[in-house]
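Listed below are the structures to be examined.
Okay, so subunit A shows up in both of these, paired with subunit B first and subunit C after.
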Partner chain A sequence: MFKKYLRKLTPYLFITPHLIFFTAFLAFPAFYGIYISLHKWEPLSFNKPFIGLANYQKLFTAGTLQNRYFWNALVNTLQFVIFSVPALVLIGLLLAILVDSKIKYKGLFRSIFYTPVILSVTSVTLIWMWMLDSQTGLINYFFNQLGLDSVAWLSRETPAWISLVVTTVWWTAGHNMLLFLAGLQDIPQHLYEAAKIDGASIFEQFWYITLPSLKPTTLFVTVMTTVASFNVFGQPFMMTQGGPGRSTQVAIMYIQQEAFTNYKMGSAAAMAIIVSLFIIVIGIFQFKIMSSDVKY
Partner chain B sequence: MQREKNLRILTYIIVISFAAIWILPLLWMLSTALKPESQVIAWPIEIIPKEVTFDNFYDIIFDSPRTPILRWFFNSFFVSTATTFLVLAVDSLAAYAYARLEFKGKNILFWLLMATMMVPPVTNLIPNYLIMDRLGWIDSYQALIFPQVAAVFGVFLMRQFFIGLPSELEDAAYIDGCNRFQIFYIIALPMAKPALIALGLFTFRASWNAFLWPLIITNSAKMRPLTPGLRLLQSNFMTEFGKLMAGAFISAVPVIIIFIIAQKYFVKGIALTGMKG
Partner chain C sequence: MRKRVKVSVFLVVILFLTTGSVLAEEITLDFWNGFTGPDGTGMGKMVEEFNKENEGEIEVEMQVMQWGTYYQKVVTALSTRSDSSPDIGIMHVDRVPEFASKGVLLDLDQIVADLGWSKDDFSNSVWDAGIYEGNRYGIPLDVHPLTMYINKDLFKEAGLDPDNPPKTPAEFMNAAAEMTKDTDGDGEIDQWGTAFPPLWPGPEFILPTLLRQFGGSFLNEDQTEVVVDSEESIAALEYAVDLVHNKGYSPTDIQQDGEVTLFRQGRLGMHLNGIWMISGFKDQEGLNFMSYPVPRMGEKLAIAGNSHNFVFFRKQGNSDAEFEAAAKFVKYISNNSDQWAAFGQIPARNSVRNTEAFQSLKHQASIAQEVDSVVFPPKHPIASSILTPYYEAVNLAILGQKEPEAALKDAAEAGQIALDEYLQTQ
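For the complex of A and B:
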């Protein structure tokens, strides 16, 4: 009797340790976040009164500070996504094709392109802040050698965006390369052999075999990259502090500021929920659109 | 034939140019870190330093009480190692049950876990901070470690692997009278070694490189891990790039070494997660 009972219980013993962590620090906080967002929650004051949807209303009412800065930050994030995603996907694909072609030292090249991926965002941004330094940076040194003027990379709006995107591409394109490489190596070799017999050129082979076969991989890479770019924080936080002005302040930076500098937890929690919904919806939406014409 | 030869030369030119762009910043970091302060901003630039010194490393390690980089290194090492072992233990246990055992609520629970994979980290940033505050855990190792153990990616990865394993051996052991935990520990877990290593690598790196959460949950300099610590180094040394590059280098070395040793397992890990699309 006892043994039978124990056997029924066993699976739950296996899953409980994970479920405890999951519930305490992932599932419960998600609901707690909604609860916080419905309150005027300022850590320094004793009362945390329920205020309904006021924190959300503030975001959608023209004229409030939160309205101005939040939408500015969201648009900036969107801008970063639009600039960085195509570059990350295309360069990832290009690198994969390069290291998959018939060249020597493939393994070495692969490691070179992958190395930045394993670095932390602070290492990467420190390196690039030094590269892009307006007085003594290497990039401006090369510019001067070519007879061009120095650029204030991190303190003017357009160069700052370029800097953020370049840094991000250098940092993470190698990850997309690896994903595309796995996709390339899944393409059956006999397709190429058949095409060669039919007299297809290398470019025709690429256009009619490689690209269509990579469609599922491209879908996956694009969705993952988009979601990752929406979550951008470390690069602008370290490199531009959101400046000049607030022109490169992204959503998570503003949320962090509202919560931990302005101590407006309720308002920041409401923003976090809107940004989260945004990211989830865009992820699903993109997946639906792009997978509608993928045939497996 | 000539065309193919041209194409190959073109490929080499492109791949070498890209490789040069990719290596240059790394080389420049190392070279700057090894230069004496006076040479760091000397023109014309030296990619390979004429005069090599370890002063920058010495200064940031032993001579900067406000940025205790050795302590940060220990924090990162302790937090990443503890996180990795906890994740491996907790996730493989749960994954085994979701893959092999039958129990009430299994499908709905697993579905619930998978649904949360879409939820971005920013969702839980503020609630988790307030939970830690309530528990009195701000600025503690628990706060740095525990939220990372809640992740579901590892459960998903390990479950995929366990499902792919043949179950005959486990069935035989069951008939021989082993209990489920013995079967898991003696038979299934050793077979899952490649997946465990892949997940371990992934978790260690993610933990070592974590930035936003440790940045907000630690407020004393001595509790910071290395990754958010570099932020403090930056505000302390501003434009002393020799020292900053030494810091960036110190924080990069452990993960690079681990990846060189375990490279093949990592590539396998990517294949395992079904990340082929």
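For the complex of A and C:
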């Protein structure tokens, strides 16, 4: 009797450790965030009155600061996603193919491309800020040597976006490379052998074998990269501080400002919920268009 | 058998530890601050000495964290109102109204009266800065103003006297002009007289200095209106923009700390930055520099600054004994703050500034000459929300991406929205 009961319990015991952490660090904070967003929540006030959807209403009412700054920040975030995701996926794939091919020192190149991933955002942004400095940076030095004018990399809007995307690609493309590499190594070699016998060129092999076989990986990489890009914070926070003006201020930066400079936790939580909704909707959309014929 | 020995040893140790702390009735005070640099080492030494002097009675436990996240941690600790929240803290004086208005700081008027301290013992403006709505919540430890660092070699090269730095608007402009030049003859300016950066500390310290020097302010007298778009304020910002873009005495498009790099490289004549940069510049090899008070660039002398203040946090069950112990600690640190100055700041107390120990610190003593001209950010619980749009306006104007007047009009409007919202809830 007891044994039977125990046997039923076993699978639950296996998922318990994960469930505990999932509940404590994901599920609970998420629901607590929704709860906070319905209140006027100032951390040092005793009273945290329930105010219904007022925090959300503010975001949709013209004339409020939240309306003005939040949508600006969200549009900026979307811009960053649009610029960075294709670059991160394509360059990740390219690097993976490169280090999967028969070149010398494969291991060395794999390590080199992956190394930036393990650096902290502070180190990465410091390195790039030094290189991109308007007056004393390495990149402008090379520009001048080539007879080009110095560029204000971080204080004009367009160069600032380029800088942020380049920094992000340098920092995280190695992660995507690793995922693609695993995907590439999962493709059975006999497919290529058969194709070669049929006289397929390298390009045809790539197009008809590699790409379709990588579809699940590509889907995963694209969705994860999109989510990560939506959550971008450290790079603009350190490198441009949202400037010039607020033209590179991203959603998480404004949420952080609202929460910890203005101490409006309720309003900040409401914004975070809206950003999450955007991520969820875009994620579903990506799954829909890309996973139609993916078999796991 | 062995197990039993282990257990009994364990029990004895526990007994020893618990009775030890009960018998001594030692008061433990948690002291939080953000002194992560050499200033933290200095403070740590002073705390250690205090603990030694008061062994068995008071134990101050100092906890140091980055200023960047310090206030977030304080807010979190205080919001839980738990035992682990700090008893004593260091707070920038402009943050005092914010915390005082929430009722989490203790009124310190009695302590100050008991210690026998008065306005005459401190530099004027800093003493008043710690008062909010008639009560004192902060006891000033130091003053850290914007400072003018000069490169002595560049001064000499330009025929200027490095021991007699600019003090008036004309002298400042002249010095800036003399030191701005193309040193390698490629037709591009590569050495500048000064720098007005569009990022920290430009909007936060340099422009507020100019604003006050030109006679402007952030808020009107009764704090109901944001007046950063006043004539004086526009004039101050136009002065900066003109210096950067028309006169060209400052590099354009400076990135975060780009001007610090230029000064370290010896390509900047007069560098405006906080007093906390002294020790960093001292470590820079080949940099021959001196520190002076910021000169007058407008109608009257005013220098933007801030001040570290002691505050006592309201906790459940604050006892009188704890309060007295905290007062004793603050008095000790304040009396010995000449040691502290060696780590970068100007002591708030007049008596300490007049000591030989302090006067022998040539950089700090030089900057301290104008300590009475130091002005502080507006005293308002939501000052940071009101000022953020101003910083943004300064950023855009100095980058040359928006006209000063239009930028400041927008900043005043946005600040006013934040202020109105606050006033409505009061």
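To be clear about the criterion, the second predicted complex is superposed on the first by the 263 of 296 C-alpha atoms of A that agree within 3 Å, B and C clash if a C-alpha of one lies under 4 Å from a C-alpha of the other, contacts with A are read in each partner's own complex, and residues count from 1 in each chain.
Everything below uses one rule, namely that a residue touches a chain if its C-beta (ideal position, glycine included) is under 8 Å from a C-beta of that chain, and two chains touch if they have at least 3 such contacts.
Values in this document were obtained by computation on a predicted structure and should not be read as measured data.
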Subunit B and subunit C placed together on subunit A: clash or fit? clash
| message | Touch test for A:Lys102: subunit B only (first), subunit C only (second), both, or neither? | response | first
Is A:Ile15 touching the first partner subunit B, the second partner subunit C, both, or neither of them?
-> first
Review point. Of the two partner chains, subunit B (first) and subunit C (second), which one does A:Phe260 touch, if any: first, second, both, or neither?
Key: both
**Request:** Identify the partner contact of A:Ser276: answer first if only subunit B is touched, second if only subunit C is, both if each is, neither if none is.
**Result:** first
Query raised in the report: Which partner does A:Ser120 reach: the first (subunit B), the second (subunit C), both, or neither?
Result: first
### Query
In the superposed arrangement, does A:Ala73 touch subunit B (first), subunit C (second), both or neither?
neither
(request) Could you say whether A:Asp133 touches subunit B, subunit C, both of them, or neither, answering first, second, both or neither? (result) both
Counting residues of subunit A touched by each of subunit B and subunit C, the higher count belongs to B
Candidates 61-69, 223-231 or 349-357 checked on subunit C; the stretch that hits subunit B is 61-69
Contacts of subunit A common to subunit B and subunit C in the A-superposed view 43, 129, 133, 135-136, 238, 260
Seen from subunit A, its contact residues with subunit B in the complex are 7-8, 10-15, 17-19, 21-22, 24-30, 32-33, 36, 43, 94-95, 98-99, 101-103, 109, 111-113, 115-116, 118-123, 126-131, 133, 135-136, 138, 141, 170, 174, 178-179, 182-183, 186, 202, 216-221, 227, 230-231, 233-234, 238, 251-252, 255-256, 259-260, 265, 268-269, 272-273, 275-276, 279-280, 283-284
Subunit A partner, complex, touching residues on subunit C are 71-72, 75-76, 78-79, 99, 102, 104, 198-200, 251-258, 261-262, 265, 267, 382, 384-385, 388, 392, 395-396, 399, 401-402, 414, 417-418
The answer for subunit A against subunit C in the complex is residues 42-45, 63-65, 68, 129, 132-136, 152-156, 238-239, 241, 243-246, 257, 260-263
Subunit B contacts subunit A in the complex at 4, 7-8, 11-12, 14-15, 18-19, 21-26, 28-29, 32, 40-41, 43, 45, 89-91, 93-94, 96-98, 101-103, 106, 109, 112-113, 116, 118-131, 133, 146-147, 149-152, 155, 179-181, 184, 205, 208-209, 211-212, 216, 226-228, 230-231, 234, 239, 241, 244-245, 247-249, 251-252, 255-256, 259, 263, 267, 270-271, 275-277
